[in-house]
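Next, two complexes with chain A in common: one pairs it with chain B, the other with chain C.
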Partner chain A sequence: MSSRQKCRLKVPERDDLVEAELVDELSKDDLVRAHLDWAPVRLEALKRLHAAKRPWPEHWHWDWSKKAEMLDLLAYRCMGIEQGGRMQGLMMLSTIAVKGRLAVQAGKATLYIEFLESAPWNLRELVGIPQFLGVGVRLLEAAVVFSEEEGFGGRIGLHSLPQSEGFYRKYMTDLGLDPNHSQRLRYFEMGAEQVRYFLEGRKP
Partner chain B sequence: MRPLRMSDELFRKRAEEEDGCMISAIGLKPLFAKREQLTQHRDEPASEPVRLAFSTLISYRRRALRLSIEALAQKAKVELDELLQIEEDPNYVPEPRTVHQLANQLKLPIPQLLVLSGNATTANAELTEAAVRFAARSRAVERLNREQSDALNEFVKVLIKQKVENIEER
Partner chain C sequence: MPNGLTKRTMTLNLSETEMRALESLSVQKDLSKTAVIRQALRLYQLVDSRLSKGEKLFFEDEAKREKAELMVMI
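After this line comes the complex of A and B, so read on.
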């Protein structure tokens, strides 16, 4: 059963935070709506990047309406951050635990993030001035809280596209290129101590 | 779900840290197994110039027929962003349906395009060699010059002449 809770997002260059909502279980229709909302913005941004001969983001072709099929399976759950009636970011979680790879939590149940993406208008690379900051942080926070709720102790893991590695490296351990990943991406994991640093600012 | 608990003060800091970062992650085993297999296929060294030949062929052929990207997307009933991706990203493997639609609109042979696009395999080495030669001669410019037109025409002749039998569609 889907539920909503208040959260906040940051507006660039301003100190105040704006109210938003974390929706913890999105439907297939929600994903299709988000895709229809994001696609034209992304396309315009790509045209600008193309004209400026600048590289495109690696995830630009993602189509969340196609990922909606995954929600037919109990193994997947999708969350989103909504503000102003628009999805600001989406995250697909696997509810089947994977085994932790960090030495301190090797073999322990870990929540795996299948997909994570911020809306195109929140990416400086695409639009110049993002509408909101902190969407990725909020989604990671939601993943940690969900991991705690599921009994995984806040442990989370994901494979990052190369363009995003810098972001995850701030809060997670880079466990290197994963030869088992179809795109040989780097695997990142957040353990209990890193959770405390990420959520509470306490240095390990 | 339990409440989020990051303080506003810390969130401000984290949000600033996020500024300028691309936010994306992609799963180990996404359900699109077919796409995953194709991605693995992409890693085979020999296929890279062939895929480059495919994206260049689509682009050249479209321009030779004086079609804009938008016009071709509309005629072929293909999403504009997918067509952009086909022309710009040689690593992208389009769906077979898309290849069929483009082949029809661009008047190119379907089996050969399925091979070039990474949707099918064939043991026909001549086709691969022709694709590699074409890719080597290709340059991305707005208007085709004589040399590029010649390269395109030669490659299309080879495509049409080549028999692609017993293809194994993925």
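After this line comes the complex of A and C, so read on.
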């Protein structure tokens, strides 16, 4: 059974904040519903990008309905942020700890984020002006809190697609290209000290 | 953030040796004993699921160029 917690997202068009809910455990049905809601919007946006000969987001092919079967296993957990009855962002976590790579926490249990995505209408590269801002940060906060609840000290890690590296570099340490990763992506990690600053809303 | 999962309590009977192993892992990994057991269960279920689909589990030592399949009785 999932629980919901209030959070806030920014509405750039009105320069205002709106209340949303973090859902801490999504079901397979939730992911299928989100996919069905997102897919047509993403397709339309991709058509526009194609016509304008502009690059597509690197994760354009992600299909959360296919990721849903991961939730049959205890090893995965999916969280989302809902506003106006629609999922504004999704995050798939691996609940099996990975070893921390930052020197200060080498070998310590760290929560790994498998996938994190904002709804297509919240992506600047797809729609110009996003409907909501802050979805990614709210999801990162949720990952940090979950990591603390799991006894991982708030430590989180992930591999980033090149287009998202700038976002993660704001909050996490870039540990460089991972030669062992199947796509040779860069690995980012947030350590205990960064977690403290992150949750206080400040950059270290 | 409240955890959505309802927690249930059980008594776990372990031998001295098993308890020492659990305590050792708990110290090594800086995790509570409950967290170690949870990790083990998640990993066991994941491995079982992959093996059930016909996949194999290997350990590889790149330095020695050794690769051995882990035979698991499930």
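The rule is simple: the second predicted complex is superposed on the first by the 197 of 204 C-alpha atoms of A that agree within 3 Å, B and C clash if a C-alpha of one lies under 4 Å from a C-alpha of the other, contacts with A are read in each partner's own complex, and residues count from 1 in each chain.
Going forward, contacts are C-beta pairs under 8 Å (C-beta built on N, C-alpha and C of every residue); 3 or more make two chains touch, one makes a residue touch a chain.
Fair warning: this is a prediction, and the values are worked out from it, not measured in the lab.
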Check the residue A:Gly89 against both partner chains and state whether it touches chain B (first), chain C (second), both, or neither. first
Looking at chain A, does chain C or chain B touch more of its residues? B
Chain B versus chain C as contact partner of A:Glu149, first or second or both or neither: both
According to the stated criteria, A:His35 is in contact with first (chain B), second (chain C), both, or neither; which is it? neither
Considering only touches as defined above, state whether A:Leu123 meets chain B (first), chain C (second), both or neither. first
For A:Asp24, is the partner it touches chain B (first), chain C (second), both, or none of the two (neither)? both
Given the touch rule stated above, what does A:His181 touch, chain B (first), chain C (second), both, or neither? first
If you stack the two complexes on chain A, which partner ends up touching A:Ser3: first (chain B), second (chain C), both, or neither? both
Using the superposition on A, tell me which residues of chain A are in contact with chain B and, in the other complex, with chain C. 3, 5, 22, 24, 73, 142, 145-146, 149
In the complex, chain C touches chain A at residues 1-6, 29-32, 35, 38-39, 41-43, 45-46, 49
For chain A, which residues are in contact with chain B within the complex? 3, 5, 7-10, 12, 15, 17, 22, 24, 39, 42-43, 46, 50, 56-62, 66, 69-70, 73, 89, 92, 94, 98, 112-118, 122-125, 130, 133-139, 141-142, 145-146, 148-149, 158-161, 163-164, 166-168, 170, 178, 180-183, 185, 198-201
Per the touch rule, the chain B residues reaching chain A in their complex are 1-8, 10-32, 36, 39-40, 80-82, 84-85, 88-89, 92
Per the touch rule above, chain A residues touching chain C in the complex are 1-3, 5, 22, 24-25, 72-75, 95-97, 108-109, 142, 145-146, 149-153
